[in-house]
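You will see two complexes here that share chain A, one where it goes with chain B and one where it goes with chain C.
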Partner chain A sequence: MSNQKKRNFQIEAFKHRVVVDPKYADKTWKVLEHAIHEIYNHNASGLSFEELYRNAYNMVLHKFGEKLYSGLVSTMTSHLKEISKAIEAAQGESFLEELNRKWNDHNKALQMIRDILMYMDRTYIPSNHKTPVHELGLNLWRDNIVRSSKIQTRLLNTLLDLVHRERTGEVIDRGLMRNIIKMLMDLGSAVYQEDFEKHFLEVSAEFYKVESQKFIECCDCGEYLKKAEKRLNEEIERVTHYLDAKSEIKITNVVEKEMIANHMLRLVHMDNSGLVNMLLDDKYDDLGRMYNLCRRVPNGLLTIREVMTSHLRETGKQLVTDPERLKDPVEFVQRLLDEKDKYDSIINKAFINDKTFQNALTNSFEYFINLNARSPEFISLFVDDKLRKGLKGVSEEDVEIILDKVMMLFRYLQEKDVFEKYYKQHLAKRLLSGKTVSDDAERSLIVKLKTECGYQFTSKLEGMFTDMKTSQDTMQGFYASHPELGEGPTLVVQVLTTGSWPTQPSATCNLPSEMSALCEKFRSYYLGTHTGRRLSWQTNMGNADMKASFGKGQKHELNVSTYQMCVLMLFNNAERLSYKEIEQATEIPAPELKRCLQSMACVKGKNVLRKEPMSKEIGEEDAFFVNDKFSSKFYKVKIGTVVAQKESEPEKQETRQRVEEDRKPQIEAAIVRIMKSRRVLDHNNLISEVTKQLQQRFLPNPTEIKKRIESLIERDFLERDNVDRKLYRYLA
Partner chain B sequence: MIVAAPAAKDRVKFNVGGRIFETTSTTLANAGRDSFFGPLFDENWDLKDSSQSVGGGEFFIDRNPDCFAVVLDLLRTGDLNIPPNIPERLLYREASFYGVLDHVRSAKWGPFDGNRLRYSKSISGTAPGDGTAIRAAPDGGCAVAHGSIVHVYDWMLSEEHPPLTLDHQRVNDVIWVDPENLAVSACERLGRGDGGLGLFNKTSGRLRFKFQVTHDNQVKSFTAGALATAQNPNHRIFSSCKGRSNEYGIGVWDQFTGKQVDFFYESPGWSLGDADRLQWLEERNCLLVATLFPRKDNCYISLLDFRTKDMVWSWSDVGAPMTVDERRVRDGIAMEGNNAICVVNEYEDLGFMDLRMNGGAIRWSSRSRLIMKGRMPDDEPCYPKLALHDGGQLFSSMNDCISVFCGPDMVMTSRLRRGYGGSICDFSIGGDRLFALHSEENVFDVWECPPPPVI
Partner chain C sequence: MERIDNVFYSYANKSSGLIDPEGIEALCSDLEVDHTDVRILMLAWKMKSEKQGYFTLEEWRRGLKALRADNVHKLKKALPELEKEVKRPTNFVDFYSYAFQYCLTGNEKEKQKSIDIESICQLLDLALGFQFRSQVDYFIDYLKIQSDYKVINLDQWMGFYRFCNEINFPGLSNYDPELAWPLILDNFVEWLREKQT
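For the complex of A and B:
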């Protein structure tokens, strides 16, 4: 007023702003607020969507977005507080149902409110960094309902109680459960995890801790595993029915930890029902269950594998070192094969062919087979037995299976060269005595050995087969060129190539004159067709068929060794012969002679000779007669030599020595090969390289390698470094 | 009495501002649930046969009928046809009311192809200084930097958002981090901590945060130069940085948190902190940094591998003999698919370098300079600039022209020219549009492809 009085002019800024009805915003909001009430009260049919949408649009357009947004927040909050009270009032069972019903109502209302406020949602909210309407509705529900003090704990306890009831066998309303859990997940994974999952896992851990303790006290291992598996499957099923799929791994982890990991050692070692018992009794189902459960926990399979390995090694060790078992090599190897079959089928049926278990099995076998130095010999004997008689009437496929199994054992051997040595000997015997059952089986095994050991070894074996074949042809040629030999004794010579056959000290003996004449004829025939060769007689390896008639006129055909033949032929011209006379006449080495006399004079049923004095042993002073009283129900009598099938101690030593001798050039070759490529190498590395190279064949002894190195230095293949004496240099 | 055919069930009648429209719910469904038309068919609202459509069975909408006709047509055909009597602004407003603005945008112009571009319009600004940079936004809008201010336009171009400034310091570069946010690099002001690099919201124009450079746990002020972003991996933003003392190099930050995650210091005899251009090479996981004449006396182009802190590829013309025609590299861009870096000299000759060979030479393409000779305008020339589009098309600006190069040998296939506003000082491709900023009249042109042909 004072201004007016002074009549002062004031310049007012030009206002071009259009003044809207000052109550415009309040009026419009009232309309919208009313609509929100009606929507929550299920009374929306009277609302005009177009009008509400346009009103909300206009509020945002006229810069009342903030008023609209805050109005929405407070209106919705007050509604949710009402709803919260209604849910709190629900008693007992109806609590969850009421919550679910109100949640559905809220969702529907939220969608409609968002429809009205769509323009605000699209323009005002992003540019002002506000929470979009739908998310806002969920957040308000979370804060006013799910996390309100009177509902939060009650909800959690109700849910956990339902889960517990289901675990104890009650039937619960899974559909309702799923809806409520879905609500928690819709409110965000954090709400689900914080308000439910975390507690659910804790309670489950406690539940299974108690239960597993109860089970382990009263169940045996197999039964316990069944229960654990059942519980695990129940939890997985629970997740698919009403929990978040991401919870599966978490809850199964809880069950695995409480029911398996915490009791694993006790279960595996449980008396009378643990892993070892399952293995012994071939309980495939229980073993499979244990495998599947332990696979789920850290170190589970490792534990099983270790227990299995140590059990296997223990039983294997007993098997190969039991002196009783050593008496019968065939039985010995058969037991090994049976053991292998047993574990193969366990790994196949229960451990789903787990590679790590297969490796453990292989390692265990390699470990205990080599505990017994005679394993190579026994395996060869097993083959010998099978090829002599064991394969009669067995189909070709079965033969292959047996041979494959033998090869598998062969692979476990460290000293493969020892096996080879024995195999060669046994094969030679089989061939020379014509005892081999199946040529195909023999050849099939040689092919297998070839793939394992290479051409080098089998070429000699193949040479043996060739010798047999050529000998047949030679004999045919011999008799064709000497038709006059139709009468009299028949000579069959097998010409063996030196080197291909296991050499034995050739102890020649004096053959009877009839035979030696025949032998000379053959010698001249053979050397006539093959110039430049040398023949020497291996009388210790031959055999003979003789016709003999005894006192009562009964005739027999005797199948004897060459030595025995020589002895018997002497009695064509004498009644009585002393040991000394026989020895002089035949010049058979004493041990051999004693053995062959023993077999003819001391074995019942085969005693074509009589000895004075009567005793089991042959003495230097003994005298021998033809046993006129000899009788046998067979026309053909086979007089075996008393030969130990297994090698005797000195023979064993001898074989051993020959093996060692054969190894020397191999070790030297390996050293030279390595040094040639490396030029300079220190002692330790050289030893380890040589060992690595020869591992395939045998495990060389470091001292032996050292000796070989010394020998090579002497022969100027290598020299020691002048400065560092540990270094070797290769001399080209 | 006429019985309605079964198909009539689908029919909807609107009364828009007094005019009757009839359409089908199928047509309206094209607008999507998230539009004004969505709730009309939602069972919650139950609008189809409620009281709101009684009185002739019409649904009343209190809006402009002319615009509704255009919108309805858009929903029917997917084509946008604006009659001359309807201002674009009015139509955009109505489309925004119905929630179909995105439909309008995608119908307005077609997918980008350098050889189909048509001149659309020119926008004149009010800024005083020379244009520095123009950057197309992913949605078809753009940001234009003049001196110390950045003007931001949305795709409708009719409305300008609040302009941005970073402490009113001279702006060096602008880059869109996402459709809503952009980063602005500016010169520092001595001792005040002003300038540097800031992230702005497009709509509100508010500075959200500044990207800081820390050396030895001390925050340093710096001048931010060229910018680049990498979405893969980890949403990084890169900037060339010049600090007070020895802090020249490339800074790396997280786009969302603004935290500095790395700094690549330049080595003696090499230039990184003054770089004219940065480019992220996704396949190689490397950053291309190019510092060029005349900012420096020599040109340096290198690829940085931040995982190994290694310069994995580099080229420089230091010590190279000057040829008679003196071809200096004025811009360079990497074409990962071709394993090449393309460079351009002041005569708009293109040259190529092999990315797989370190220390190779430039192989200049034999394209004759005759086209350009004698056409050099009298006024101050602008240096050539290069840009690349996803489809393998290469663009180069020279004077008032933009040339388009295609094919394995990069032959010129199109030229874009509009003789107003003088030389083109910068251009940018994005949101299926090409923007060209002129140096003189403070004006920029918009080029876009027409929608696909009717048949």
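For the complex of A and C:
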């Protein structure tokens, strides 16, 4: 067995042609044809599947596939033609129902037929490039029913009519719609689109065009948007219920275009109800709706943003240039903060914190806050007010919130160096008068400024705090080493490092002898421990607490400025003093002296002095007396605090000049820094680099930069290139 | 060589050993040239003279040798040729720059860097008047009425020359203030444009 050669058994096909009796083919076909009839007549139960299958199989096997196929086509076609008539005959409502029913029947029949003819489907059809049975069945249905001249238009119109009715509020048979639409989809996306969708979209566009026109004439913006939103949602729902999912985007585009895009500008700018009104009235819902709808159309959000920006800029501009508002700096800044809060809310609640809107808000604020050159000063005054009293009793968290909001405004400032100057002045006054509500709050703000602007910005401010602390220690040391002074007037000295504090030229002032002796003692004590330093008394910045007795025995404790103290002390040795005498004795400069006397003689409730004549102005010939009739319901009376105030015009000019002067070296330093690292640079790039470097503090004027460049050329820091005039070169 | 020296000594101040302003004046009358004439400035340039109003022996030698003149007559004859030489574009920039620096006063330690407006106006007229008459006249007008600058420095001086060479006058169509022209010229152009409207 093992040695036997393996032999392949081959079964060979018949070597001779087997011709089947042609009558055999006819007979077989007749059987199948009959079966198809029966199937279409709902009589399939009497048929034998096995027999029919074999018949079909044999036909194909014996090369009669052609006959079988064409027979199928013609039989099916003739059945469909009859079905078509039946559908056409249906009246009114039953048209779609009939169509639907017949379609279901056809599918069932097709299924059975296909099963029977499966062998042909698998062999004859592919090799002869014929349409497979199932597909054939669909195509025939399409051509004979759906696209028959009598049905096609009627079908479309019926469907569109139903949609229209639903849109106008009627209830329709959605299930039926779904089935019919599904039929179209099954016939192929080309059929669905050509025979239905295309027209559906056109008709919808027309419908919404008309409707939107109607609405816009009679509705205000908010109402209109509600309606548009409603329609949009309806269409989306319609698609889920009975249309192809791919139609959703197409129909929503139609609604968006007709209802929103076409009327957008009119809506947004609508009088009394448009975007601006919604903003003014904080209509979050309406705004949110507008945002959602406009998002869907090209340039929708852009339009809203632009309108919001121009409105905000206009409002802001009015805010900062309104002369009424400018009278109270604290109110001014509070209004800015309120406006910011308002828009933060809107962007949060209605515009989903859209970053582009946040940026638009920032840009607008940056624009108008810098329209008023006093903004930096006012913000500093606001902070001053808060740190003096506004934050009393406020919790730590709330303090942080307020300071953070102020920092926001600060960031918008172009001239941050101007703010710094004022802040320093105001801080100095607060520190020296001991008037700050919370040390922690002060420090917290400094930290925030440092984070924002860098160490340089705040180093001097921190120096001021250090000086205060150090002075306390110094005072302790002074009194510890001079115990004999415990009996006399108490001296409190704050030693200020010149570079850190805002400079004020100190004027002449003759202190009363008791004070000057004490001051000298302090001076020698201090210089004893700090050789090489120079102390100069800033008599214009000090204050004093004095006990005073008046005519009827009233005693009061007066808190006065140093100048006022000097004047009052004179009255310990004289009953009557003329202006000239006072001036001579104290050597206080005239404008300050006049102000000081005014505050003590002409202000109700603070008139510890009496003046003859009783006029408001201080004249050179006036005489002064202690006001024996002075009364106040308080024991402690404060006269002439050194409170930070809005600057007068000349003071403002002076500050501005100083700021400008300070900028010059900063610009030059920036130029030199840049040129040192780049060695060679052209004019335009140099200007833009310098601007970039300085923008944290202020916006330098290109003309000013040019002046500084020329100054540096003159001083041989830079030179122009010989060949290319636009280039500058660094000279080491 | 000797002859050149002799001519020098005939004009020089006995005690200082230099030709001083008086001597120059005498020289000028012998040359039949006004002492404010630009050709004297050109002569100074040729000599590379350092101090305005004075010629040293070395400078004198340098100048006359270069001009191939050993007496006043020959020197006078050489002047037209010298003028032509200076006006050649390659030399003129050098001459123009020299003219400014020559007029600066002060010694090594405290060298002045700018020249007052009035002197600049005269110098401009002298050095550039023959070449750019209208620009010079307008600029002089402007310098006299503006108040931003009381003096002019070398950078501005050279800038003006480039201005005359490069910018259409009086159209000013190709002037671009965004470029690195000295600020005084930006202001000058603005003033001109205002006048034209």
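In this section, the second predicted complex is superposed on the first by the 711 of 732 C-alpha atoms of A that agree within 3 Å, B and C clash if a C-alpha of one lies under 4 Å from a C-alpha of the other, contacts with A are read in each partner's own complex, and residues count from 1 in each chain.
Heads up, the rule we're going with is that a residue touches a chain if its C-beta (ideal position, glycine included) is under 8 Å from a C-beta of that chain, and two chains touch if they have at least 3 such contacts.
This is a predicted model, so every value here is computed, not measured.
With the C-alpha superposition on chain A as described, chain C and chain B fit side by side in the combined arrangement. Once chain A of one complex is fitted onto chain A of the other, the partner contacts of A:His683 are limited to chain C, with no touch recorded for chain B. The partner of chain A that touches more of its residues, comparing chain B with chain C, is B. Of the two partner chains, chain C is the only one touched by A:Glu714; chain B is not.
Look at A:Ser395: by the touch rule set out above, it reaches neither chain B nor chain C. In the superposed model, A:Thr153 makes contact with neither chain B nor chain C. Residue contacts after overlaying the shared chain place A:Gln456 against neither chain B nor chain C.
In the superposed model, A:Lys726 lies in contact with chain C only, and not with chain B.
Once chain A of one complex is fitted onto chain A of the other, the partner contacts of A:Thr531 are absent, as it touches neither chain B nor chain C.
Contact with neither chain B nor chain C is seen for A:Thr498 once the two complexes are overlaid on the shared chain. Applying the stated contact rule after C-alpha superposition, one finds that A:Thr240 touches neither chain B nor chain C. Once both structures are fitted onto chain A, a short way to say it is that chain B and chain C open up an angle of 100° at chain A, using Cα centres and rounding to the nearest 10.
After superposing the two complexes on chain A, the shortest C-alpha to C-alpha distance between chain B and chain C comes to 42 Å. In the superposition on chain A, no residue of chain A contacts both chain B and chain C. Of all the residues in chain A, the ones that touch chain B in their complex are 44-46, 48-50, 53-54, 57, 108, 111-112, 115, 118-119, 122-123, 126-128. Interface residues of chain C facing chain A in the complex, by the touch rule stated above, are 113-114, 153, 155-156, 162, 178-183, 186. Touching chain A in their complex are the following residues of chain B: 34-36, 38-40, 42, 44-47, 50-52, 59-62, 96-97, 99, 180, 201, 203-204. Those residues of chain A that touch chain C in the complex are listed here as 682-684, 703, 706-707, 710, 713-714, 720, 725-728.
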